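Next come two complexes, and both contain chain A; in the first it sits with chain B, in the second with chain C.
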Partner chain A sequence: MLDMGKVEIWTGNQAIAEAAIRSRPEVIAAYPITPSTPIIETLSKAVETGRLRAEFIAVESEHSAMAGVIGGATAGARVFTATSSQGLLYMMEMIYWAGYGRLPIVIGLVNRALAPGWSIWVDHQDAYSMRDAGWMQFFAKNNQEAYDLIIQAFKIAENHDVYMPAAVNIDGFVLSHVAGQVMPLDQKTVDDFLPPLNPLFKLDPKNPVSFGSLTLPDDYRLLRQDLLDSMERAKTVIENVSKEWAEITERDWGGLVEIYGSETADVGIVALGTIAEEAEEAVDLLKSQGLDASVIRIRSFRPFPTEKIAKLARNYGKLMVIDRGFSFGSSSPLAMEVRNALYKNQVKVPVYSRPMGYGGTDVTYQEIAEVAQEVFKEEEEW
Partner chain B sequence: MVNSKQLVKLEMGAKAIEKGNLACPGCQLNLAFKHSLSALKNNAIVVVPACCTSVIQGAGQGYGMHVPIFNTAFASAPSVASGIARKLKLDGSDTTVVVWAGDGGTADIGFASLSGAAERNENILYIMYDNQGYQNTGNQKSGATPKGAKTSTTPYGKSNRRKDIARIMIAQEVPYVATANAAYPEDLYEKITRAANEFKGNFRFIQIFSPCPPGWTVDTRDIVEVGKLANSTGFWPMYEAVNGKVILSKRSARFMDPEKRTPVEEFLKIQGRFTDDPQVIKAVEDEINDIWEWLKKFM
Partner chain C sequence: MPEYEIGILSRGGQGGVTLGKVLAYAATYDGKYASAIPKYGAERRGAPVMSSVRIFDRPVKRHAQILKPKDILSLDYTLVPRFYANDFFEGMGSITVNAAEIPQEYYRYTPAKIGFVNVQEIAKKHGLVKSGSTLIGIPALGAFIRTTNIIRIDSLHKAIDKMFPASKYLEANHKAVDECFDETMVMTLDELKEMKMEVSAK
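Moving on to the complex of A and B:
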């Protein structure tokens, strides 16, 4: 059972590494990059000291880090790695290989802005670069949720109705290097929740098949259709795994979406990760000023909770989307998703895109409240 | 050494190539694949980066090889193979993990991951089939293309020498490095067997000379002769380097003596890659002499 007495003070990186160790990966291939490096340092030590029975491959690039875990996964291993920013961009070819190749890999992605200029601080441009790679993308708001999400991510990724990789995102430095309260689980509880990987397929000389060979257009279309269908099925699996987790740990993070405040309000603030947690403070501040707002926190960016957002949106007068990313020449990626969800379901609620927090710019609850106050006053433009 | 009759018998039980194989007529890499995987008794998992072999396996379910193959992105094969090998280690498996890659995937785009896997001494048998250019995409120049050779991106002949990967692997202290030639399957068979058994647990590297009929504009019926001339002119010395010490292979040993070598023109004129420009002939001769001088230092 849950070791209720035990509370650790861990950084987000420690929380991710400890959760990964509890999940018993067999192959870890990794390359250092700020701010995710402490995750792989912790894992390499766990392997060296025998705390974790696994192979740690200290590869020569991020491209090889993802290739290494792809190799492990095709041989039937549960695998894990972590990276950030440029590292993710450098491994991007293999990120697609893992996604389109349907391998249940889990990666800890510590979000960091992209260069130039060099920035080690958080924004979400790195995460958005892998949007269409066939990966699930989850975002944690604090270290406890990062811990919980890693273990859940393996369970979701390895579910045979889903069977695809997952990235667990935490905000660089804001979570990765700031210590907070984490209640870990004992090994037996995690083992009961997460049984060993049951591979859908693996390379075996006794049953020689070719993986990823030349694929003609009709077969290719079928493969991608299956990925689309699996992403849809993943929505239900994510909700179910989240409920199961809540029963075991008494920590209910809300499945695809978490609401803070009322499910009916004048303004719904949509955000990811730590900005959404900061927005909770803003909602309290606005309430004290007589303004009625709630936070709609997207926990799963892929698959995106399209139907759920459309249904929720009917209860709000306006939506305000805060995003740490931007699609140059268009809008913010999160606002695009929300608008798509609303249009698709014929929900006519204004959506105000208010991107903030690029390159580690601090986003305070006072600032969120100020921007929200303007949104309360907006009448036409959306 | 096994003779060709014994080889045929040995290979009967391990059929590496099936119906559905899409290789060009006379393809030497395809023959080399057959002999190599037969030597491993098909107890192998093969990782193939982008190259001719990605295509000749056949399309979709029309699968032409009798071993499990993971097709991967160009630069990634040694790293994918590392991940597989590590999992097999945990499982206590005796299956050999093979990287089967062309010269572009080895000398150029995959070079960093090759060097990384060699440095980590991963339990991988890396086989580079060397057709001296990007033949799958229509004979573009690679790092392994020899000086003077015309390709579609060096239309008047390449101005620099080939990157000698076997030499680089020796410099990286890879415990077993060998060169082979698709025209000599018995020699290849023995080297694969030796690498798989005697040097198990280590990184091993074998580079196979694999002439390409369409890329080198060689008549299919002459393609084995090209391989033989590469040996007798000294252009492609076959050797093993065991823990850094070079041992010439039986078929190549006597061509250490320049007097015994076939004139290089014989090798050049049978292909469409080279002109009869004396400068080209001289460049190839110089390269041959330098390769042998280098090898002598490590014997």
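Moving on to the complex of A and C:
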């Protein structure tokens, strides 16, 4: 039960901005874009009023926003920014620089469809565009989890076994502009959980080194191998940080994966973000109709919980993957991940890809239940 | 297990989105779970807007927009027929409307209750006027609570204090909320049916 006297009614954007403020970033460089703009506005105001002691750099583009936080992070500062959709695409060269450069940056990514056609509403195509940039990618299902994930993301990203950037994704408008109940944490609790950044390396005039210089093939290979290994280690760190968080806040969101319903069912519904929470309602509805389904919510898309999904999948008759994005010429990105996990571990469970909710299409629990009912009946083609 | 899906009909600029937030805070102070959904996308002054609120006694897991709210608050009485040409209430839910009497167009609807009060007049009386327009949104919530009993009026007052601590209209809003609450007439479905028969007999 919530202590209702302390609960705030915050939009997802407010929740992200407030969590960022609690995390005490030292540098914020940002450029506004719908639907993430209110995050930037809140942070800018917090710096202006002295609530947050940070350098706020109002830049002229998203490319510069990421370049700005790269500069800050390279100098050993904790940094934050936020963007969406076209803004992320414009930022992309620097996104790769941050990922391959191993800088523990945290970004609030408010998911929005890509143009054209021009859309300001949610899908996950923007997030998928940065899949291979060496970033961790987390997805929140509600505003409270968005708040919690920002603070956790700093801790995970700055862990020396991981040391890489992280994106916290929330669904545009569906979370960013919808006000939900959020229980904030006091500064001391956050400070105890998240100590100041201890840089693994940084620009230091007394001890000059160069970053991003020409790298010959053998060294390049070592750098990428290190990134691969760090992503693997991140899986354990994410699980541990989630557990620590649950002990402090009594809010257990699961680690890499959250299960709703039983760990064995006829159909497991795999999804990201708000659709996964909406699917919890669908599972309850299906149960009332005598159908046994569960939700397998992927909280961390990168690193992807390959082993965990393969292990879980053995307990389900079928998997139904709801995706809010595409990989043109192949199948949907989330279904690909799930199939890869199963194949790699020789788990023979049918995976049905049932994409929904592009470009802001509303997805109701009734619709999810209807699609699931068909999957229950499916016999062959998958 | 009460689950309320509420629609607030207003015109752009009347503060329908803010009202959703106030209602969500009020529900929170009542120990309930809530979320407030604005109309997404482009906003234009004067255009019809629906914002919606979910008030549940369990965590709100639904994120989709509410297309057919069962409890409606309309700041402008012309908006209900505009949004809902046909009745879908089936004896459940409610309409609360800013009107001195129940508009005849409303006879087609079959909610369990219709509450009505001239919010405009009450708001004006308490000096809730800014740049020529009357601030009816907050007072209308008093009428909504009277009609629906979804939350306690004390929780609404607490929510108003939380949301607008520095407003020069704070006291006036509190008073107007109470007056709207007191003055709201609530008709049940049976009473509505009688009224409808009387009108058609004439």
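As a convention for this text, the second predicted complex is superposed on the first by the 377 of 382 C-alpha atoms of A that agree within 3 Å, B and C clash if a C-alpha of one lies under 4 Å from a C-alpha of the other, contacts with A are read in each partner's own complex, and residues count from 1 in each chain.
By definition in this document, a residue touches a chain if its C-beta (ideal position, glycine included) is under 8 Å from a C-beta of that chain, and two chains touch if they have at least 3 such contacts.
Keep in mind the model is a prediction, meaning the values are calculated, not measured.
Peer 1: So in the superposed three-chain picture, is A:D171 touching just chain B, just chain C, both, or none of them (first/second/both/neither)?
Peer 2: Second partner only, chain C.
Peer 1: Of the two partner chains, chain B (first) and chain C (second), which one does A:I9 touch, if any: first, second, both, or neither?
Peer 2: In the superposition, A:I9 contacts chain C only.
Peer 1: With both structures placed on chain A, which of the two partners, chain B or chain C, ends up touching more residues of chain A?
Peer 2: Here the partner covering more residues of chain A is B.
Peer 1: For A:V59, using the defined touch cut-off, is the partner it touches chain B, chain C, both, or neither? Pick first, second, both or neither.
Peer 2: First partner only, chain B.
Peer 1: Quick check on the superposed pair: does A:W121 touch chain B, chain C, both, or neither? Answer first, second, both or neither.
Peer 2: Second partner only, chain C.
Peer 1: Look at A:V363 in the shared chain and tell me whether it touches chain B only, chain C only, both, or neither; answer first, second, both or neither.
Peer 2: second
Peer 1: Classify the contacts of A:N207 with the two partner chains as first (chain B alone), second (chain C alone), both, or neither.
Peer 2: first
Peer 1: Would you mind writing out the residues of chain A in touch with chain B in their complex?
Peer 2: 26-27, 29, 53-55, 57-61, 63-65, 67-77, 79, 93-94, 97, 203-205, 207-216, 219
Peer 1: For the complex, give me every residue of chain B touching chain A.
Peer 2: Within the complex, chain B touches chain A at residues 42-45, 47, 54-55, 57-60, 63, 65-73, 75-91, 95, 112-113, 115-116, 119-120.
Peer 1: Once bound in the complex, which stretches of chain C touch chain A?
Peer 2: Answer in residue numbers: 20-21, 24-25, 28-31, 33-38, 40-41, 60-65.
Peer 1: Inside the complex, what are the residues of chain A that reach chain C?
Peer 2: 2, 4-5, 7, 9, 120-121, 142, 171, 173-175, 177-181, 274-275, 277-278, 280-281, 360, 362-365
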